[in-house]
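Pasting a structure below so you can have a look.
Going by the order they are written in, the chains are A, B, C and D; count residues from 1 in each one.
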Amino acid sequence: MNILEKLQNIDKRVFYLLMALAIAVPTISPLGLGVDVTPAVQRAYDFVSSLPNGGRAVIGFDYEPGDEIDLNPQAKAIIHQLGSKNIKVVAIASFPAGAMFAEQCLAILEEYGYEYGKDYVNLGHYAGGEATLAAFASNPTAVFAKDWRGYDTTSLPIMQEIKSMSDFTMAMTLNDGPTGGTGTHEWVRQAVMAHNVPLIMGVTGVLAASNETYVQSGQCKGILAGLRAAAEYEKLVDKLGEGTVGMDAQSMAHLLIVIFVVLGNAAMFLSKRAKGGAA
Amino acid sequence: MNISTNIGVWIGAIAALGIYSVLIKDNPFYRLVEHIFVGASAGIAIVTGVQTFKSQAWSPLTSGQWALIFPMLLGVLLYARYVPQYSYLNRLPLSLMMGAGAGVAMRGAVESQIVGQLTATMVKLTTLDAWIIFLGTLLSLSYFFLTYRLEGGAAWAPRLGRYFMMAAFGAAFGNTVMGRVSAAIGRFQFIFLEWLGL
Amino acid sequence: MSIFTQGRVFDLVTLVVVTGLMGLYMYLARSGMRVKIRPIAGFAAIDEAIGRAAEMGKPVHFTPGFGGLVAATFAGLEVLGYVARLTAQYDVRLIVTVSQAETFAVTEQVMRQAYLEAGKPEAFKPEDCRFISTDQWAYASGVIGVLNREKVASNIMIGQFAAEALILAEAGNTVGAIQIAGTTNAYQIPFFVVACDYVILGEEMFAAGAHFTNNVVHLGSLRAEDLVKAACIAIMAIGAVLTTAGADFLTTIMGK
Amino acid sequence: MFLRKTLPTLIAGVCGVVVVVAYFFAIPSVQTLANHILKWQSVIAVFALGLGGVNIIRLHTKNLQRDPKNFYSLALLVTFVITIVVGLTMGQTSAAYTFIFDYINVPTGSAIFSLLAFYIGTAAYRAFRAKNAEAAILLITGCIVMMGRVPIGAKILPFTAPATDWIMSVLNVGGQRGVMIAGAIGFIAVSLRIIVGLERRAYGGE
């Protein structure tokens, strides 16, 4: 069997091995290849950069298990940026699991010397969607008497500074849609329209298009969509993480398949031509 | 390296390795994982079924919804197949399930799939894109003529229709790769990060 | 208050016209109208696939898919009836795997009946009609196992399939089985197209009865289906022209 | 004769018609009846699950009789029985049952699902060969979309990103719709044949 025939019939297991490597290598050590920062992500980053150091941010963890693959990496990348700017962080969640994701993501702030209760807090889950968010906006400690870890919120130093939504310098929602939790539209109404707090959004890939209108209207200062946006943001804050790993592995896997397809076709045409020439 | 001490993580990781081993070839490791998985999931199906039966049939029956005795009797008749001289009785419950299934299939087909798709195609044909969608729909539908043979000048219609379908299939294929790779990334992260703690 | 459910009136009219047409043509076909069906390569290949298994002395695997009692499953069961009669005749072992319980209840019965009709009721082994699991991935893993260990010569998959479609098809390809597949799920057809030898595309699979047995009533209903398709093409063309011209009454009527 | 042929046909026909009529007409009595039929169907389906259980036990005990050292069938039966016993006696919220669910069922299922990442590649390699026009179309749209979906693709072949958007929102639509409309017409035809009793074979009739 000559090389051209072999290339048309490569053993499946060779491909499986290469595919496993294409996914495993970036998982173990991110390559950080090939992500170009798109204008939408750059805008969100520039907006957060423009905030004064030492401000206060509220982040809504409005997503459920299954969507954390897109949204956890986005949250972590932004939290790195907030940490480097000494912005205090208050997390709230409209899904029970959201509070758990918040806990995982906020742990990053310890790297920046943050202290729980003083510089950041995870207030936990609230039921009731927009109505509760509105109540939170006018009196945060009335809605969350205790935080997720069980402390009295009135005794936490960070909550002394925050009497209403207007005390935040920015708001962010990490959102997987309006079903069950608080949607992006509700955040626009409660943060932007009611209290004039600038808002950025992180959403799953499929929700990008429908939320683009808020960016057009200026009600949203920047939008991150899907795993890809997380990878771009990680590049901007120079902390390669899960987003980069994910996109690296995706890029490698897609490229590998296309290379195999091209090889198979090239070999087929070359061997046809060789046979044609011989005959 | 900081290997996990959680027994659940270990089981999950070993199961994943067993499944992946089938990529090399069928082997005892895969076979064992497969059998345990099938046993557990079929068991879960039975447990769920019993719970459904209790909440949907038994409790309402005992609280006065006597009509539910009929589906239960019909359900028992399914087992008539094991008794040769009465096996024909199991056609009664089967015919109920088939009839109801056919009714549901029929009403769903008209609503979302025929009328909805037809109206979606009736758009202003003022752009090239609109024409491509319009012609693509008509031509690929023409492929499905089963008792009329399009001849002469019309014979190219089903063939072009197949081309449009192939384009759609290629697109759906390419578009699915990302989701499938994501699933593998999830498993690999589990193996390397959660289990082995790399 | 009307007795018609709002928003479904046009759907109802469509259904009445379509089923009426089907009824009429089934009647016409029974009274002697001749209808011929065009060849469907995937169905023709079924004979070849069973013949191959007979020559090799290896079993045939059939699955009606992951679905419950939905339309695509009905089509799969119709094909199974034919496949089972043929394997019974040629003394080829047929292994059937099923995922959903209600589908299993019917499948076993179809298989039993087919062996009876082929005059070999004793050849039907209940262990060869296998309920695997209602869990999608457990079903897939079980079918991989059957394809590998039973050394099947031919793999026929016709019915309702979801994401497991490609797992089954690649596993079948790996063991070197000749593969024939069909489904109506437009998102899964691509995976059958790339991984199988023959694919029965979408609606073609509902023609099994007419193809295999030349059942005249079934042929009549196929003729009616074709007329409905022609009507759909005409309606879309007229509708698009009207909409382009600025008249949208047709779309309004269809939304009623 | 009546029990063998007429009654099953009658049951299938009445159930099918009632379910369809209830959907299109706002007649409360028919809608109630249709709801009953669908509920009955789900109750019977639970009994069908029992048939499945019998089938599993029969197949694997036979395997064990033939070869008492068939470790696999034994493992399957043991997990099957343990799961059922735990689920029914200790309840679905018990620690033991959630252990089976969270640590056996879920991760193994995810692993099977992720096999697709491997299979999708070998299937593409084998089938995406430009042997004829159809295969070439499949190959070209497939590869463009694959490249257009990832950043590296847009870097190597910049046209693929906008081309992917166009393929997904324009080129792809016609073929999908054709399959769906034709499929739906087939759905109606096969359902009608069952309702009027032409496909008795489908439920084991003669």
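Operating definition for what follows: a contact is a pair of C-beta atoms (placed from the backbone, for glycine too) under 8 Å apart; a residue touches a chain by one contact, two chains touch by 3 or more.
Computed from a prediction, not measured in an experiment: that's the story for all the values here.
K.L.:
What is the minimum number of touch steps required to go from chain A to chain C?
P.N.:
Each step joins two touching chains, and the minimum needed here is 2.
K.L.:
If you tally contacting C-beta pairs for every chain pair, which pair wins?
P.N.:
B-D
K.L.:
Roughly how far is chain A from chain B, going centre to centre by Cα mean, in whole Å?
P.N.:
30
K.L.:
Using mean C-alpha positions as chain centres, tell me how far chain C is from chain D in Å, no decimals.
P.N.:
Spacing between the chain centres: roughly 13 Å.
K.L.:
Specify, in ascending order, the residues of chain B that touch 2 or more different other chains.
P.N.:
19-20, 22-23, 31, 33, 35, 37-38, 40-42, 44-45, 49, 78, 90-91, 93-94, 97-98, 100-102, 104-107, 109-110, 114, 118, 121, 134, 137-138, 141, 143-144, 165-166, 168-170, 172-173, 176-178, 181, 184, 186 - these are the residues of chain B that touch more than one other chain.
K.L.:
Among all residues of chain C, which ones touch two or more of the remaining chains?
P.N.:
Correct list: 8, 11, 15, 18, 68, 71, 74, 101-102, 105-106, 108-109, 112, 131, 134-135, 137-138, 141, 186, 189-191, 193-194, 201-203, 222, 225, 229, 232.
K.L.:
Among the residues of chain D, which ones contact at least 2 other chains?
P.N.:
If we look for residues of chain D contacting two or more partner chains, we find 20, 23-24, 41, 44-46, 48-49, 51-53, 56, 105, 108-110, 112-113, 115-118, 120, 122, 124, 126, 128, 138-139, 142-143, 146, 149-150, 176, 179-183, 185, 187-188, 190-192, 194, 202-205.
K.L.:
Classify the chain contact graph as line, ring, star, complete or other.
P.N.:
other
K.L.:
Over in the complex, which chain B residues touch chain A? Could you list them?
P.N.:
20, 23-24, 177-178, 181-182, 184-186, 188-189, 192-193, 198
K.L.:
Tell me, which parts of chain B touch chain C in their complex?
P.N.:
Listed in rising order, the residues are 19, 22, 26, 30-31, 33-35, 37-38, 40-42, 44-45, 49, 78, 81, 90-91, 93-94, 97-98, 100-102, 104-107, 109-111, 114-115, 118-119, 121-126, 134, 137-138, 141-149, 165-166, 168-170, 172-173, 176.
K.L.:
Which chain D residues qualify as touching chain C in the complex?
P.N.:
Answer in residue numbers: 20, 23-27, 41, 44-46, 48-49, 51-53, 55-56, 58-59, 62, 105, 108-110, 112-113, 115-116, 119-120, 122-124, 126-128, 138, 176, 179-183, 185-194, 196, 198-199, 201-206.
K.L.:
So in the complex, which bits of chain D are touching chain B?
P.N.:
Those residues of chain D that touch chain B are 3-4, 7-9, 11-20, 23-24, 34, 36-53, 56, 71-73, 75-84, 87-88, 92, 97, 99-118, 120, 124, 133-135, 137-146, 148-150, 164, 166-185, 187-188, 190-192, 194-195, 202-205.
K.L.:
Show which residues of chain D lie in contact with chain A when the two form their complex.
P.N.:
117-118, 120-122, 124-126, 128-131, 139, 142-143, 146-147, 149-156
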